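After this come two complexes, each holding chain A, first together with chain B and then together with chain C.
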Partner chain A sequence: MKHTLDTVTAWLARGVIAFLYIPIVVVVVLSFNDSEVTYKWAGFSTRWYGELSRNTELLAALRVSAETALISATLATLCGLLAAMGMARLRSRGKAVFSGGLFLPLIVPEIVLGVALLSVFGAMSADLGTQTLVLGHLVVTLPYAALIVLGAYNALDPALEEAATDLGCNAWQAFRRVTLPLLRQPLLAAWLLSFTISFGNIVMSTFTNGVGSTTLPLRVYSMLKGGLTPEINALGTILVLFTLLIILGVGLRQMRRVLLGAGRS
Partner chain B sequence: MRVRSVSRGVLTVAVATVTALVATGCGGSESSSGGGGKKLNVYAWAGEIPDTVVKKFEQETGIDVTLDTFDSNETMTAKLSSGSAGYDLVEPSQYSVQQLVGQKLIQPLDHSRIKGLDNIADKFRDPSYDPGNKYSVPWIWGTTGFAYNKKCIPSATSWKTLFDEKHKGKVYMLDNMLAAYIAGLQVTGSRATSTDEGEIKDATEALTDQKKMLAGYNSTNYPQLLSSGQACAAQAWSGTAMAKVVAANPDVEYVLPEEGGSLWTDGLAIPQGAKNTDAAYQFINFLLRPEIAAMATDDGGSASANAKAREFVKDKKALENPAVYAPDAAVAKADFLLDPGAAMKHFQQGWTKVKAS
Partner chain C sequence: MTTLLLAPAGITVAGLVLVPLLLVVRNSFASADAYGGIRGGWTLANYQDLMDPVYLKVFSYSLGMAALNTAVCLVLGYVVSYYLSSRSPQRQMLLLLLIIVPFWTDFLVRTFAWINLLSPGGPVNSLTDAIGFTDGATQWIPSQGASFVGLVYAFLPTAIFPIYAALRSVDHSLGEAARDLGCGWWRVHTRVLLPIARPGMLAAALLTFIPTLGVFVIPVLLGGGRDQLVGNLIVTLYTEFRNQPMGAAASVVLLLLMVASMAVFGLAARRLRRKSA
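Entry: the complex of A and B
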């Protein structure tokens, strides 16, 4: 009985993994397809990578997405850290109100937030552009970053910082030398999650982008009516490769730390 | 104490950054008012103003063009409604021109500043949606019809093909309310421009009955589904995606139905409060040149509303492709899809009913 259950579970796991990864594999394979139409294989070719390098609109959108995600992820992580530190000082009632406000964007539909922000920017006579786009993305990413940092910050032993101050550190030194190193991993996780959410965002971007700030998802979405060209597959492959390199880099770093730790013991 | 002094430092950085972002976003952009500036901000459908056209204009004039793209007329209207969009030229579809005029979001064009308006084909001069081309200059045009795979359906000329039970599970309709109602209205004997509540009700019933035999609603990859044989027939927009498949696969045919189908145009309009109007007029005049308008077909795969552009089109096959340039006889029977105005609520209620059925 247990053996049957294990087999079913194993096949179910394989099915889920296949469901998640087959589309990515298809995108990679089709990026090397010589055909203009995606459903017909016409031989191996790297022509779409060449086409992509000449597609200034797509590359400009990629740049906007990367810049926006970098800035909003950094701001979200910074504000998330700030929120965690602030909440540590609040009494339970204040904490409930503050966390309610902080995590409200997770509950409110994004389209409502987008329309609201568009109205606010209009009332402020703020020109829509990269700045408004970043602020819009900050609204979306901040709750996620705050959740991660908050959990990690609450798990810290306050005695560690107190010990540092007893040993002559001022508040800033204690934070920089004790708290921050302990929060390095959660902060990195918060930043990466915020970056990913921002990079792939479409709803908030629709309402807050402006002149010269069309993001990659918006650009691709606007291409649907006229039909997607295979350069999208080439771009997708490059992004997948980039993601794999980041995962590999983080993995190697973790492995190095484990090995160094084992070497010391 | 420990938290207070540190959080003050972090707070200063965060507040300073956000304040800087808001401050730089406020107070208007640097582009010069009334024109003369070396900037032009354009908001258009993706691919309809090819990159080659933009680059050529920049080289000729020294004006720096920022071309942003939208996915629907509604997105573009929402941006213009905010009053903060910052665009100098937009590319609305015909019914959207009517809506933008009604909302006072675009300004009347100064025809004394436009050269080459007489190059526009008769069909698009003084159109029903914009009498006298007061607010817009037609740039691209196309049709809403349907396409079918001859291996599955040897011949088809009517919307009835898309409502035929014989093709159950092999038919797609555009996932677009007004487009679907073109078929719904015309198959029940009404005109695509109808705003009559009773006629809309009949069309709703026809579309509700049709839904049972549809494979689905699809506005994206239906040309590929037709070409691969997964679909027998699909309601379709003419233009780049459909044209590519028709050119590549002789089994796929695009037709304007005998009931008429409909015509659409994407034109050029100047928003209220545009800061670079001189540059906008320069760009309109540039696009009205026949050899430039021809690039919309050669590089963009779209039909140009410029009659004289046909002589300059290098891709002669595109001129014969009904999914780019529909035959004149069929076009003569097609109506422009107009803004339903107050009748929009009947369409919306009907569409909700269709989708929920």
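Entry: the complex of A and C
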């Protein structure tokens, strides 16, 4: 026998899931709106995608974001992989201290991390630009990359590497031939997720960008202060598509491990 | 060998997180030079300046907003997680995917999506005008309400995952057994399922409460920048007022709030564990 309240909560849950989609669907639909103002529907048109492709400011920002995300995701994944391998050799206390430090940026508010980095760059009178931006994004992406790689590395059977060594591989060969191929999926997942996190980052970028290193989110944010245009909706639609591609690339299983595992630790 | 492997991540964390955080704490006690930079020295003036009613209002408003956002996200997060966990395994995968998509969608896209919806003449406004709820002159943005909807929308998926992680291994015959033994709907949830979900709820609360305080984009875009959160205060102090020591002091206050809420959540988690032991 089903309780009425069960039916009510089931509908509420479905409603909430729908609620998560309404704004996204509206962005996609309005991006094809042939009108100067976003909300007045004036027929189907792809002209805003054309406008978008001619907006040199946005394209320059896109380039900065893509480069920054590419470098910081690569650095974060590499650091994460090395840390995972190193931590496997630590005693339990050292492991706890090190992972505490590694995951610290997950709990400290990002805005404080940004302010903190800016203070250091200020004290060193470093010029703000692409380099400082990359370092900032490394701080934000490293914990996520480490989380994924660490989980996958710990799940590996150490006997596999030992077997390779017994069969005459040196440490490097065992890593190249056995460990790395087994970690290919999680490493790709870590890289793609770090790339997305860096690409969409706005808080850290606010503090670490310099003249000429304005990222896409920063540019869009300053455009939005002047009002929303269908052009920004077109950009939003492309970003939604990009999200779907990343999720397909990472795969649901990896995604589930990250999102559900992180909440439990 | 081990040191070499740990060095890149270790240097990153030490050099780009720990040292910078210490520097912020130190700077919060420094005095400002004529341009708002760090002059050095030790003073409590920055903290005293933060006691100004204008700033205290920002702190109390932020805490209220964060608490409300956390409460709404926990309730809706529990409902969705319960729904998810009581579906068949295949359905769970599909629904989980449905929640992952908005979660990974660009934060800024998810925020400006609401400008589309709430702008004058937009879908929500037309709908409320049509049913006579508003009179055509009512504007939904900018407002505190729009800001709040944006916050809930931004953090809801984040809150769902840990709660679902706690609930998904629940054997749903537990609920049925409790029902057979005479538990009503409320008691099945409060006595059986909520205690199982509680560690996830704590994690969800932590992942919602503190990050809400640090948000600065949503109150500007959806709230018109009038009612600020701590995040807005810090950005304003750094970029507009160019008062670095005071910005550092505001950041330290946010850090202290983080430590305090972690202590509260930690204590709650320990009590939970002791009760179940």
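The rule is short, and it goes like this: the second predicted complex is superposed on the first by the 224 of 265 C-alpha atoms of A that agree within 3 Å, B and C clash if a C-alpha of one lies under 4 Å from a C-alpha of the other, contacts with A are read in each partner's own complex, and residues count from 1 in each chain.
FYI, contacts are C-beta pairs under 8 Å (C-beta built on N, C-alpha and C of every residue); 3 or more make two chains touch, one makes a residue touch a chain.
Predicted model, so just to flag it, every value in this text is computed and none were measured.
Contacts of A:128 after superposition: chain B is touched, whereas chain C is not reached. Shared-chain residue A:247: touches chain C; no touch with chain B. In the superposed pair of complexes, A:78 makes contact with chain B and with chain C alike.
Look at A:161: by the touch rule set out above, it reaches chain B but stays clear of chain C.
Touch criterion met: A:119 reaches chain B and chain C at once. Of the two partner chains, neither chain B nor chain C is touched by A:231. Of the two partners chain B and chain C, more chain A residues are in touch with C. Once the two complexes are overlaid on the shared chain, A:207 sits against chain B and chain C alike.
When the two structures are aligned on the shared chain, A:10 is found in touch with chain C, with no touch to chain B.
Of the residues of chain A, those at positions 37-40, 75, 78-79, 82, 85-86, 89, 118-119, 122, 135, 138, 206-207, 221, 224-225, 228 touch chain B in one of the two structures and chain C in the other. Residue ranges of chain C in contact with chain A, taken from their complex: 1-10, 12-14, 16-21, 23-24, 27, 37-38, 76, 79-80, 82-84, 93, 95-110, 112-117, 119-123, 153, 156-157, 161-166, 168, 184-186, 199-200, 203-204, 206-207, 210-211, 213-214, 216-217, 220-221, 231, 234-235, 238-239, 244, 247-248, 251, 254-255, 258, 262.
Against chain C, in their complex, chain A makes its touches with residues 3, 5-6, 9-10, 12-14, 16-17, 19-24, 26-27, 30, 37-40, 75, 78-80, 82-83, 85-87, 89-90, 98, 101-102, 104-105, 107-113, 115-120, 122-123, 135-136, 138-139, 142, 146, 196, 199-200, 202-203, 206-207, 217, 220-221, 224-225, 228, 232-233, 236, 239-240, 243-244, 246-247, 252, 255-256, 259-264. Across the interface of their complex, chain B is touched by residues 36-40, 55-57, 75, 78-79, 81-82, 85-86, 88-89, 118-119, 121-122, 124-129, 131-132, 134-135, 138, 161-162, 165, 170-172, 174-175, 206-207, 209-214, 218-219, 221-228 of chain A.
Here chain B touches chain A in the complex through residues 1-7, 9-11, 13-14, 17-18, 21-22, 24-29, 41, 45-48, 51, 66-71, 75, 78-79, 81-87, 219-220, 223-224, 227-228, 237, 239-242, 244-245, 248, 301, going by the rule given at the top.
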